[in-house]
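Several structures are given next for inspection.
Each of the next two complexes has subunit A plus one other chain: subunit B in the first, subunit C in the second.
Moving on to the complex of A and B:
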């Protein structure tokens, strides 16, 4: 009985619900900085695991397990079959890197085709807004062809990971949409 | 059967490599290395700076790679090493770094474990990816004949996959929520899917070996599920703590490793071939590390299972636990280079020996380290022309530390040599010093074996009467041939103290090679049951007779030698059992000799091969018997100083 109550409670309030979020994007987009900037909520201290940067944080009654899985790799990205159980993807773009915008777009769309990610929400950070010549969020949105994404909750937020701008806004949106869709 | 000493087979390979550090070896171009080091950062491409200087640059890359492995590369924060190596511009340093991990084990999981034991391995995904790519290329080079064939990309996928699995299984976050962890089936399916796609893309054929891949992956899953890949922390840089017994061996011993595996000669179970534990490297690693740590004042790894009584005894000078003395060493025992550079060394101020680390990396160099005195060489003791040098020798905790005293140092303080201040002092007054691990070493007082009468003792006219002499034999190992060091002490009693102490430690830390004798091979050496029962002369002639060798190769013998766990008392019992058993086996071997002569005398060639085999085995057993008996006696004697209640 207690279990039923507690799971109902969780469902209603999302208490302690644990979700896996992936941070993806090309080299140098600022993924890792974003990852550490995300720690606006209560950071759950965990024993570090070798390999990828993984952080766990509590935010608005959610426990987020954020993996920095990087972007373009030398092998074709087959490891993406590990996308199962992913609630959301945070895609980070270097807004100043106009030359590679199309590569980023290709990566993003390729990734989103993965079956395992069909239900995952997408948050794009148009990062490095602090630098001169950075494309605005809407320009990045165009470059990435985000409008083509159907049946998916997505949002793009202009950010400066260095300055910590835009991060909270992005995360707030993401948490809300996750709660709405998945809980 | 007369046994000439020259015929003796060497006891199975061990691991007594001596690493040699010399302070004067440092680095003509150290400044330039430092220059490079200071100009690089995790984000800076070294290649762009140094691309036009090939050889010198290579050396510098290697140097940086080595510093990273050592944890002494101060230009980059320790936790950024992996990111630095994986950065796009630092590919050549990465390559050098990965080469330092040679020989890579046959198991991909173990290879990954070795990597994660060599560096603080948390990094950005793309840097991880580049590192794994490099690792997979190196692995393919080490193991070209596996079912992965030459496709490093497939190995790369497996490595990446294993790393993700590790994060998934052992991420604290999910400990209470097993449903989110990958099951073995999911892991295998996911990885297979990736492999299939890649092989299609690469037009490779993996279907044939797919069952092998599945077996391999499920084995990896099980192992990884039990034990996470270790995360190296800064304090552990110099001390291996891995569950997987990683190989941090800096020596190119690939060939030897291959040898040891192939030397199982058909005995290997599928699990062995699939997942050979790398334990055999651990001991070598210990000795390899010991000198480096010794040189750098880092704590050296404990080589034995420390027990309560050890605390008091390890500093008990003159006991079986600890001997410290000023003795002479035969010049020919020591490395040639040692003396050639003697003068330079003594006038060169002490500098950190970075270059000497490079020396380790060059296989050819390691051979010049030692004047390979073999047992057949006449002893310096017997020759009046022998030259000797003053050295301070310390036997402690499984090691022999030798400090070659500078010529201009006349007075040497007597101090309790166990503490680090004393060691520092010894280093200071030495032109060079080195540490031997006593694994499988054997010491003997020369006068015990060679009795030349009172007059003959005076062959060396300068020598005082009744000087003691002892030798220490480090058996052949993959890093070099057998080495004999000859020492002279002020009297025979002191020689006995040294030998007792050396044999005690050697016996304590060397595993008993029971497995070697319990294994049975299907190869025909001339004395199988078949030979004795059913075969006719015709059949015998058709039989291929193999050359007898110890079944387990140099290193595999010590596969189960996780010997930090064997207590002194247990070791003593093991040695007792083993010598007893070996005695029985030797008798049995003796008994078949007459029959062999009878059976094989019809054919001269066969006869010769079979009898050679018989001799080889006999000598090998005898050598082992003698050595273990020496150990046993040393341990028994030492036990007398251990309080009875313990």
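Moving on to the complex of A and C:
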């Protein structure tokens, strides 16, 4: 029943607009694992992403084009080629990688300065929470200086892509914000 | 911005090192021309094995691309002073089977010692090897857990399905497959969400606590919004005066019902069902439930077939709920699920 109605309303109101979502973060944070966790609900063995992965997924009646861009140092400048028309950025942080928190913070704030991302919502995954010694979401938030963000909807969620935890909570928030602010 | 650049001298040096002796092959699988490295062990690895090393956690192995990442000076030094050969020798001389999975091979006291040895070498200090009386390298096996890895479940669950296999297995273009996949995913995520709800707040997730978040906007905007924008239909009102609150209008109710249904179920219906079950049947409660259903049916004259089905269910159940509290409860849950699917549609009805 739900399907019949949703397709009917989609035709009437055209809410099936495709939304572009970027998954960004330092190398090895878990971006690709999160992408495939979202798309097929399974843990895949990943290799470092050279270039990008892109998958389309439907979630809560929204069609999401999710781009997972490689995080290696010298390919980070290419992230900006994908910024146009981006509804939201999912920034993934390895919560156990304390040494590179400052690098992650720098990359995050640099990215958010970009004109093309001014309206994009920000979801941060404090990932790898299954590992002992992982920083909590609030600790990661402090490291990333998230409270400094102005005029932007943001949220940070503790997650474990390997166990599939926290991902739903984060995506639910993101989809609600997009529906409220951008549709 | 300048730190996105890779220093060409460093890169040239790494490429030179990679062409020397045992560095020409991946230390783990022997694949030729490895372009990745684990500076902690000073060893060169291939792309595939780099993927595995990244999964071990940065406290064990930290992976860099020799062409795409900038090495810190101390990381480059570790590559210079180390290399694949000394590490292989070290493993051999300590009876570590080289064919062991990386998870076992690099997460044990012997491997830990090698990192310390390499650090000493780089810092011109004398390395004193420690005794590991409780550690027996010959007992390491592909499935064994080393003392260093704390939680047995984690090690196994970090292994996954290879990406290539699942690519060919999932028909991405077939709409049937996509729909099925969508439903499967939604069911899967709903289940995960439920599991998470029952976890304690005060523990970190690695110890069984709840995965939580926060941010600039409330984590659960729908409920908050419905409470804020429609003051007449708050849960408190609903509990205090169910009929009065409901009769304030279909429009309000329909917009809020899906959003607060879960809470209504938790705070109003469940306790009442329990009451019915426990036999302390309040006449008023029963009347309220019946009228609640009736109201529903009246307003469904908006003419949507779907909704009259919904209310029939609802009304029917409300009436025989006094005898079968249990079934009512499951029925409510079903309706609840249905409603979630229609959530988007419901929002549209407001505009109608």
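The working rule: the second predicted complex is superposed on the first by the 148 of 183 C-alpha atoms of A that agree within 3 Å, B and C clash if a C-alpha of one lies under 4 Å from a C-alpha of the other, contacts with A are read in each partner's own complex, and residues count from 1 in each chain.
Rule of thumb we're sticking to: contacts are C-beta pairs under 8 Å (C-beta built on N, C-alpha and C of every residue); 3 or more make two chains touch, one makes a residue touch a chain.
Fair warning: this is a prediction, and the values are worked out from it, not measured in the lab.
Participant: State whether A:156 touches subunit B only (first), subunit C only (second), both chains, or neither.
Facilitator: second
Participant: For A:67, using the defined touch cut-off, is the partner it touches subunit B, subunit C, both, or neither? Pick first, second, both or neither.
Facilitator: first
Participant: Please determine whether it is subunit B or subunit C that touches the greater number of subunit A residues.
Facilitator: Of the two chains, more subunit A residues are contacted by C.
Participant: Taking the superposition on A as described, I'd like to know which of subunit B and subunit C A:138 touches: first, second, both or neither.
Facilitator: second
Participant: Check the residue A:48 against both partner chains and state whether it touches subunit B (first), subunit C (second), both, or neither.
Facilitator: So A:48 meets both subunit B and subunit C here.
Participant: State whether A:27 touches subunit B only (first), subunit C only (second), both chains, or neither.
Facilitator: Both partners, subunit B and subunit C.
Participant: Let me check the overlay on chain A: which residues of subunit A are in contact with subunit B and also with subunit C?
Facilitator: On subunit A, the residues that contact subunit B in one structure and subunit C in the other are 27, 44, 46-48, 50, 72-76.
Participant: If you look only at subunit B, which of its residues touch subunit A in the complex?
Facilitator: 88, 116, 121-126, 128-130, 133, 153, 156-157, 160-161, 163-164, 166-168, 170-174, 177, 180, 182, 186, 190, 193-195, 197-198, 201, 228-231
Participant: Where on subunit A is subunit C touching in the complex?
Facilitator: 1-3, 5-6, 9, 12-13, 15, 27-28, 33, 36, 38-48, 50, 57-61, 72-77, 94, 96-97, 99-100, 103, 106, 110, 128-134, 136-138, 141, 146, 149, 152-160, 162-173, 176-177, 180
Participant: Which positions of subunit C touch subunit A when the two form their complex?
Facilitator: Where subunit C meets subunit A, its residues are 1, 3-6, 36, 47-48, 50-52, 54-55, 57-59, 63, 65, 67-70, 150-151, 154, 157-163, 166, 170, 178-179, 181-182, 184-186, 188-190, 192-193, 196, 204-206, 211-217, 219, 221-222, 306, 309, 338, 341-345, 348.
Participant: Where on subunit A does subunit B make contact in their complex?
Facilitator: It comes out as residues 18, 20, 27, 31-32, 44, 46-54, 56, 63, 65, 67-76, 78-79, 81-82, 84-85.
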